[in-house]
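Note that subunit A is present in both complexes that follow, paired respectively with subunit B and with subunit C.
After this line comes the complex of A and B, so read on.
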């Protein structure tokens, strides 16, 4: 049943370019897809470990910059007269490096900040993103600062027997983003249903109890941060090679807020939540654009976030699932993550 | 040496308003356990009230200041009553996200109403700075320092010498016991949020005329306030004052001797450094949240 819905959804998404010819809508779908990947990675931390990372855009941006710089090459001077000269590498290497470097940054942030929790973790992650933004703005020799990195090459994939395929068109990029999104979804799904995922949820539900049964808190949280940051880095890389221009504004806090709104609306701690929330908030601007000024739209988003938290604090997907759930299936399937024991009891 | 003295003077002026911002946030954080993301918006709000009252209503500059503080107080009370009171008892993440929503909505509202073009407030102070030997400081900045110092003292007396302040401190230490002793916790929460908000508005009203006024000006102010609170220790007013001056000093020295591009990075670096080396803050007395 569940896999049926999943396959149907993938087929539906894959068929979109067949009937949708509007380039503006295609563009909106591609950027939405990229942000959904980011939102899924945020959900891994927020929904499954309970840690709200408000600097998530930092990993996205780092991925974008690493990937762009790898494929563009750079020549920077370091203190003591050293120079680093890097000749351009293929964008696909940049994609891999983006994941690795973003993951490493996630490791560092996790290592530093999981000594503190709650509000402090939130503030550390905001600070991290802001420091990274200021570095991107001021290290002009490497990043071009506000002048932006331009002419970032599109991703080239080597197909066996067919030569190289450069993904330039919207159609090709759409399928690339869809493929990465599906892989991400499957990865996160496997992860949260694994032993590691149960450790994460255990921590979120009751940290003291989790520790007492031998879950290593710091290790679990740091690993979650690494994976989450790596996925965000991959999304950033896709973004850089699709938009082909990157400036420090990519680190704007509002982008993190967009991902947070996607996750909260769709349902944190639900696998499909970020997808649903992401589709709503990714495509809403397209429909609101003719009738509302951008500022008015942002007022509405802020309002929607508040209303959702008041009316549907669990988010859309878990609320719907709770409503349509048959009592029988609750017992036989492994409780999907959002419905912890506590939730189940509340509704029993 | 004279350059260093000049940095110290600038530090005093900045530090005063930073301390105001920090006190407001530390009160709300400490007593209500709310990470107040609207703090920066209140700062912006205070600055815009200043602009409106002085330029559009034609009221005297010195009269505009208390009006801005009052407006901040009212807006703060309204936020507490409509958004935070219904959420009493929910977890810190939910209130944090609601406050983020309020921040986004209100900041975009400011952008919608007043536009993105920066505005400046004319002041009754002479252009020529006061020159004291090797250093100089504008009269406006001196006034800002004096007004901030006065507000800090007033807040200190309010918290430490009045019945309301006593009830606030009691609520901070133990909400349930305070409630048993007849403290109206709801009233304390609304008062705390309103007072904290009015202090943020005061900081904006004071610094707005020094710089320019634009809708996003509160974002950095908010994070600086977080840095000050973390530096000074949660709920610690004296810590917030000292933290405000330390942050101002770090910014001045960073801008003067490292690179002016990284002036605003100082606050963030302080946050990260404090959390690594002394996570309870420099002057911690109380328990930490979370």
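After this line comes the complex of A and C, so read on.
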């Protein structure tokens, strides 16, 4: 049944461009899709290891800048008279490099903070995002600072037998984002169901016990951070080549908050959660724009967030899954009780 | 004399000015069941934490099968086959009993990340073996009927059994049990003693910390008695039962004269 829902969802998303012609809505769907990929990567950390990255947008932004600079080329002076001159490479190389560099940054942040974890990880990630934003803002020779990197080329993919295809239109970018989102979903699903996933889950539930059966905390968490950051980097790269202009505002804290809200409302620790939460908070602005001033929209988001968390405290997907699960055996009828006990403790 | 598995030499643990353990020496032979007993606060759990790497000793050394354990992290010590259980109930409460054991089988299930993600045959067959092993372990501790219940919803005694099954899942060559029968009723304790003997018969060395004296006396090959952080007696259950120092520690000085 599960794979049935998955295939149905993919078919539904794939059919959208067939009946939706409004370019404004298409644009909203593409950017929402990119943010959903980012939210899925955040969910890997927040939902499956319990570590909150409040600077997740840094990995996204690094991916965007790396990919843009790889495909635009640059010429920067370094101390002691060195210069780095880079001639433009194809955007698809930028996409790969974005994943690698963002992943490396995830490794560094993980290495720095996972020895102590919890609040330290939150603080390190916030600071990291701010430092990266300041670098992007002030290293004008490389990043153009507030003037932004412009004219970023669209992604070109080589199709066997068909020659090169440059993805310029919204339709093409829509399918590109959809494809990357599906791959990301499958990747994360495989990961959390592997023994790495079980190790992460074990660490989140009872770290002392997990360690006692031989699970290496630092290694497991760092690995999760690397993969999460790499995926965020991929999303950033898609963003850069779709929007085709990026400035340091991409690192704004509000972007991280948006991803966190998507994950929490959809349901952290559920694979489909970020997709559902992402669709709601990605498309809400589209429907609120005609009827509300921008300031009022923010208040409306807050209202929606509160209502969702009040009615479905564990997030939309896990709460609904629990509600619609048929009580077949004693095991399954017991489950909701245990869950609500835990929630009561968490919210107390 | 069998080969020595665990060797604790001159171990001392100080918490600031408090001496939790002073100059502790004992060994556990391969395949032996040794119990560590003593009144509350005697340092038994501290000794456990030192051996399993959760606590660094102030002085002294611990070695297992010739490997020095000083400075190793708990998961590295677990990798040597030295696995512990915990005094408080310790399970992954929001997973089923079965899934708990799958987490416990971590040491067995290592395949490369890429193989796991791509779902390569080796990863899949490894996963199948893990599921079989988890089912075996569930049966082994007699929790088949509870296998698909959340571990957190089980009774106290059942959770302790899950804890032991989890430790067994990690394939110990030596198992350290910290007060395993506390909170169990008489019949559960009796079943548990059988279980401990079965585990030993499979070649696993056992170090036990326990307050339940009848249980300790019936199951142990040798007993080490701690009081105020030092060893006051060591020997077979019969020797310990009649040792005046032990009786004094447990019952007070008046009892020895009476």
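Just so it is clear, the second predicted complex is superposed on the first by the 318 of 348 C-alpha atoms of A that agree within 3 Å, B and C clash if a C-alpha of one lies under 4 Å from a C-alpha of the other, contacts with A are read in each partner's own complex, and residues count from 1 in each chain.
Throughout what follows, a contact is a pair of C-beta atoms (placed from the backbone, for glycine too) under 8 Å apart; a residue touches a chain by one contact, two chains touch by 3 or more.
Keep in mind that this is a model prediction, so the values were computed, not measured.
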item: Touching partner for A:198 - first (subunit B), second (subunit C), both, neither; value: second
item: First, second, both or neither for A:15, with subunit B first and subunit C second; value: neither
item: Touched partner set for A:215, first subunit B, second subunit C, both or neither; value: second
item: Which superposed partner A:166 touches (first subunit B, second subunit C, both, neither); value: neither
item: Contacts of A:206 with subunit B and subunit C, given as first, second, both or neither; value: second
item: First (subunit B), second (subunit C), both or neither touched by A:190; value: second
item: Superposed model, subunit A: greater residue contact from subunit B or subunit C; value: B
item: Contact residues of subunit A, present in both the subunit B and the subunit C interface; value: none
item: Subunit B partner contacts - residues on subunit A that touch it in the complex; value: 50, 52, 54, 112-113, 115-124, 126-128, 130-131, 134-135, 137-138, 253-254, 257, 260, 264, 293, 295-306, 309-310, 313
item: Subunit B residues touching subunit A - in the complex, by the definition given at the top; value: 29, 35, 83, 86-87, 90, 92-94, 96-98, 100-109, 111-112, 219, 223, 226-227, 230, 259, 261-262, 264-265, 267-269, 271-272, 275-276, 279, 288-290
item: Residues of subunit A touching subunit C in the complex; value: 187, 190-191, 194-196, 198-199, 201-202, 205-206, 208-217, 223, 329-331, 334-335, 337-339, 341-342
item: Complex contacts: residues of subunit C adjacent to subunit A; value: 52, 54, 73-75, 78-79, 83-86, 90-96, 99, 102-107, 109-111, 113, 116-119, 123, 127, 130, 148-150, 152-153, 166-167, 169-170
